[in-house]
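Please find the structures below.
Each of the next two complexes has chain A plus one more chain, namely chain B in the first and chain C in the second.
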Partner chain A sequence: MQQQVYQHTLPNGLTILGEPMPWLESVAFTLMFPGGTAREPHDRIGLAGMTLEMTQRGSGRWSSREVVEELDFLGVDRSSSVSSFYTSISMSAMARVLDTTFEVAAAMVREPHFPEDELEEVRQSALLELSSIEDDPAQKCFVELKRSRFAEPFGRSSLGSVSGIEAVSHEDCVAFHHAHAKPQGAVLSIAGRFDWQDFLKLVDRYLGSWSGGPATHLGDVEPRVGSIHVPHDSQQTHIALAYDSVAYQHPEYYRGRGIVGILSDGMSSRLFTEVREKRGLVYAISASSHSLKNCGSVLCYAGTTSSRAQETLDVTMETIRSISQGIESGELSRLKSRTRTALVMEQESSASRSSQLAYDWITLGRTTTRQEVLSEIEQLTSENLIEHFKNHPPKRWTLVTIGPEPLEFQDEV
Partner chain B sequence: MKFKQVTLDNGLEVIAEVNANAFSQSLGYFVKTGSRDETMEIAGVSHFLEHMVFKGTPRRTSVDVNRELDDLGSQSNAYTSEEQTVYYMSVLPDNQHPALDLLTDMMRPSLRDEDFQTEKQVILEEIAMYDDQPPYGAMERAMEEFFGEHPLATRVLGTKDSVSALSAESMRQYHSERYAPNNLCLVAAGAVDFDALVSEVDKRTKHWTPSRVERTLHKPLTEQKQIQMIHPPATQQYTLEFSPGPGTMDPDRYVSRVLATILGDDSGSRLFWELVDKGLADAAVCYTYEFQDCGVFGLYLAGDPEQQQDNWELIQSIVSQSDSHPITERELELAQNKIAAGILLSAERPSNRLFSVGGAWVSRHRYETAAEVSEHYRSVSLEEVQKAFEGLKSRTAVRVSVGPDTAL
Partner chain C sequence: MQQQVYQHTLPNGLTILGEPMPWLESVAFTLMFPGGTAREPHDRIGLAGMTLEMTQRGSGRWSSREVVEELDFLGVDRSSSVSSFYTSISMSAMARVLDTTFEVAAAMVREPHFPEDELEEVRQSALLELSSIEDDPAQKCFVELKRSRFAEPFGRSSLGSVSGIEAVSHEDCVAFHHAHAKPQGAVLSIAGRFDWQDFLKLVDRYLGSWSGGPATHLGDVEPRVGSIHVPHDSQQTHIALAYDSVAYQHPEYYRGRGIVGILSDGMSSRLFTEVREKRGLVYAISASSHSLKNCGSVLCYAGTTSSRAQETLDVTMETIRSISQGIESGELSRLKSRTRTALVMEQESSASRSSQLAYDWITLGRTTTRQEVLSEIEQLTSENLIEHFKNHPPKRWTLVTIGPEPLEFQDEV
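Showing the complex of A and B:
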């Protein structure tokens, strides 16, 4: 589990993190800056995503078409996304093409052309993408859950709203980018096959003269409780459920995450066993830890035919609460062995390490090592997990259902 | 990287791509059975059986199976396609022995009546889940219409009726025929101790008896067809078109995939620039499916129902432009670079190599390194891809469209 993580801060405030994985042929980097949906004006919801799309339509020495062709020529796998607080650009490729690949990414941030004549195309694409989730009720259920639970402006979907997308102007995109694509508060991480000193020179060449920031503080996230139902003419009722837990930066995060693991990781997990294996109520059921700044939640999903939806919701909530009655030693040992295996296998992917480094930095203000995560997990016991569960019981529930009929929901026992 | 291969006395094949420096190993049983090996009466049995394999054996209850999978810290799962059912897990090298013991035992499931009835509900939920997704229904229908009387027309999930009517006895019968050792291949990739693997699996499967396993192979007789489906809750319109393409044995498949990338990859292709980049459609792509005896060249369009007719006509004109807009050297080079890089990047994980190595062996009885496969794509010539492009003009196609009303 040998692991070295380099860290350097440029005079302009950009934090650079690097983890060499010399056994790989690939390299991956992630650039995150504080241009998330929570920073959109209230009547421009969808602006962050449209701005990101506009930055990819020509930058630096490349036209809109040339950007795509250059990355295809180099064989670069890329993705970009917008979350509540950040805009993120990730690329992975064979190590020998790192220099030009990085130059393309830096140009998107520093020198986007913002072609005015392409704004309408970007707008139409955004509207189509937004309407496509109407045909994917499971995904829509999560969009609605986040909207309902995290409220304005934190619960916005990166897909935007129809009125927001329709109102976005060319000036809005340019202004949003210039206000938020700044080195202070941004992080650049790299993992895989690379030379740290060479990479620092590369970053200095393309991002050394970048300036600006820091991002303004947005206040804390306060979850909202209650239930909403979205009527839909479907065979299944889709159930998305959230309740309080501890956030990633909380000192007891790994206890909270451990409990979620016992509920949902693997085929012997409690939810899978109780809801699917024993009762055959669902095909899909899951729970995951979710952190939005200070606000930690567990998000659950279950999809089931409508006549069995009430039973599914009831059994799901009962199973979550059953943690307080005890945790078997086998449940704990399986959790630990799954974590050990996952940590070893993480060394096979430069892309997953690079994104983890960036996520740790923006959430914790530091990086974590495999040894540290392993030691946190090894310290978990049935007793300290149950104690944690009693101190942080599931409360402040939010429920969203999509399907023919609403469900009865008792959020306090 | 070393390739190893052994066939046991009972016909079970064991293959491995050994990479001593890997952090993990992946193991999988590739069963040469899928929906194409079913009759209409038992449609869905391969996929249902895949679920039942996790429900226990004479040595293990279903709870034991699930717990042991998680105990090994493994990432494990299974899938069923038209031609294969695959059970796989990725573990640390130290766990090779218990992982093999578990996976091998699972190939001889108990198939108990009570588990069968409970799991049937889960399968019906899975069918209901896909029924709510209009593009999935259009894809199933396109397979049925394209393949007609051919066995590949059978739905992988089966239907609500066929699954409801299925008996545990008919599943047991199917299992005993199709899971015979001579119809299985054990595949391993990564840090594998191959000699230990072979000696263990030989010991554990000595009593398994081979059976006569057959699969009907022939080309489908495709007729030109246009089908309109209505799914009132749908918001978007989805249109698919299937026409004949090369199968897994056909060397032309590399050409076909390169052509699909140039014309309709989800980024940087002709359909991307003309429809998606311009905001006309949510998705407009080309893709290929390959089967043992035949293949499919597919087109897919998703977008606003009111624009679907115009968009579809645009797609048709783009795929018919082999004379006025022949493929260029630059397009070929970009597609080849993109495909080759994708193969090499994914090859860094043993869990990805398992499927490439296993898939090639089961369908073609060949081992190819990631570098060799990417070389096949690089050696496709401009003439070959242009000729395939010209061939699209005379294709026989089945088109299925689904949306809120009869938009197309």
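Showing the complex of A and C:
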């Protein structure tokens, strides 16, 4: 399938990206604008998520319950989320309802009512959601890993904190939205079945008069090392581990990600084989590439019984370090094959392409094509992967464990 | 998009179904054959899952690690699973690697090596996976709900039991596979990019000589009522609830499912609105239709803080019963719109269509078309939904709670 990506920037600074996938009947768009947990006041952690929730409690010509009713009536699948630096609204729907669907999304950004009498409901929901991770230690492990690896304000969870959520006022939500939801630094991407010129007119109608200065600048991210243990009365231990790698914008990003693929992509991957299949240490193990601005990390998770947790941690770190001793040709060819397939499969999902376009833009300042990524992947060799690994060895480890006992942890670097 | 479904039955009894989706580059197939937890010996609970795991430890011309290595090399996404009555192998891949991918799947069924020296690894993995649900009370709630709602052998979890997993021998795996993995009562479905005649030849080559008598008959399923409480030291309470509804093969199934949609489909659904948005009682609430042979149920889940758990249960049951008092026209139109969209979206996923074809066949003995389901949905009215609800009111409730305290539970029927 031929890939084409349109690009246009409105006078107000909003960048619009479009990738037609005319073989689909669906269309998906993603609107990312400055916001996010790192821009919350230090005593209002949770404000970004509550503000986003408030925008769907009445916006534009839709009163409180009508926003969700309209979107359900249109058959829209949606996911809104808050990351460290951005707030995102993603929707996918049948192509024929794009106009009204987009109008709702634009109203959430431009004309939220912020009904004061719904703030307490929003606060209750936020507190409940935050408390729910106490019974989900696997998720909690990652929340704690982010918090301990990245200094304030970068390590905040989108779930917020109890004191932050309790302190948020109606004025806080209004002020946060107006201070950050601006077209400069925002990106709107669309993928699937749509007409580019028609879409530009639609965007101009609802977001053309959106205005506001550039997003506030946030400094660089520095990872912190060390380990923390969260006592948990259970026979399971959850292990989350992070170490330095290259970020998405790094010229050798695909080498770093390739190494993570060899470690963790597929049931024949090295971590799965060594830690799960051969030694039967874990029921779950995974590694993934993570970028927070300039700061690249690999994040790992392992879930095991507490009696085998120390061995699991040791074998996991040993397996990661074993990359320097060689990569088999079979590992490399499986990595390439799986990556090629994933790229083609992505072409069958408008939602995947839409969010990837937006992510590329805010991270790289440009879009990437399938051909470009394929070419990066084809150039990987055992030699250049190992060379990359030696130049960017795992270091500055951060460890979080949740379970009955802490583990011995030796960050050798 | 025009929908066409092919059907063919081999002399050995295997039914083959195919739905071309030539606008995709991927293809997906699902092979379901008799097996499942309900056919395990009563003192070998966990055997079905362990047997399935053993089939990918060497099959046909692939030795132990080569099965997963080959599938990773082919870029195959796969999911194998065990339900109450069937074992399923599902794979999706690029169309050009269909032949080898299918050969691997067929080898897992026809020529598993069952390497004796890998049984202990498989047992360890099974025990770890079973123990992991102790730290996942939301999942554990459903395991316990199934166990308490359905009598032996129907309520078993595919995760097995500790004593069952510990008792499984190599001979048990071999015997279970040979006793149940047979073409009569099995179905193979394919959807996506493929040529039907070529696929039939492929199936004939690898499964044409598969033989064996019909699957053993299992009696009808009767739901059990009552409540159980699993003490859990936490400030959260997890509530799982089941009550009678109509099964998938019932002529009024889409009315029953429509009512569940009004209760739980979308953010404007009744349970979401009443229990989460208006009263702020839960962080999660959902209801879904469930069929186990002749036995239809609605399964609900609610997660909340323990201090509000009793109110959550009461309001949830009250909201379910409120259907008899009326359905608003907006609720009905949103239900229809969301269902229509979901049906079209399904046409963009070969994996979804493939598994739906197989499920329809084993449950209904035929396939259903999008047009047929659409027509069922269009015929729904507030009147016939309420009439259905009154004829099939919620009754024979089963409740499972996991949390610090049990709840008061009044099954009024």
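Points worth noting:
We take it that the second predicted complex is superposed on the first by the 411 of 413 C-alpha atoms of A that agree within 3 Å, B and C clash if a C-alpha of one lies under 4 Å from a C-alpha of the other, contacts with A are read in each partner's own complex, and residues count from 1 in each chain.
Operating definition for what follows: a contact is a pair of C-beta atoms (placed from the backbone, for glycine too) under 8 Å apart; a residue touches a chain by one contact, two chains touch by 3 or more.
Model, not experiment: these values are computed from the prediction.
When the two complexes are overlaid on chain A, chain B and chain C occupy overlapping space and clash.
Legend: residue contacts after superposition of the two complexes on their common chain; A:Ser157 is shown touching neither chain B nor chain C.
By the touch criterion stated above, A:Thr55 is placed in contact with neither chain B nor chain C.
After overlaying the two complexes on the shared chain, residue contacts for A:Glu121 are found with chain B and with chain C alike.
Where the contact sets of chain A with chain B and with chain C meet, they give residues 23-26, 65, 68-69, 72-77, 93-94, 120-121, 124-125, 128-129, 131-132, 134-138, 233-236, 265-269, 273, 276-278, 280-284, 303-305, 330, 333-334, 337-338, 340-342, 344-345, 347-350.
The residues of chain C lying in touch with chain A in their complex are 1, 23-26, 65, 68-69, 71-77, 93-94, 120-121, 124-125, 128-129, 131-132, 134-138, 233-236, 238, 265-269, 273, 276-278, 280, 282-284, 303-305, 330, 333-334, 337-338, 340-342, 344-345, 347-350.
Residues of chain A touching chain B in their complex: 23-26, 64-65, 68-69, 72-77, 92-94, 120-125, 127-129, 131-132, 134-138, 232-236, 265-269, 272-273, 276-284, 303-305, 330, 333-334, 337-342, 344-345, 347-350. Residues of chain B touching chain A in their complex: 21-24, 54, 62-63, 65-67, 69-76, 90-92, 118-126, 128-129, 131-135, 232-236, 267-268, 273, 276-282, 302-304, 330, 333-335, 337-338, 340-342, 344-345, 348-350.
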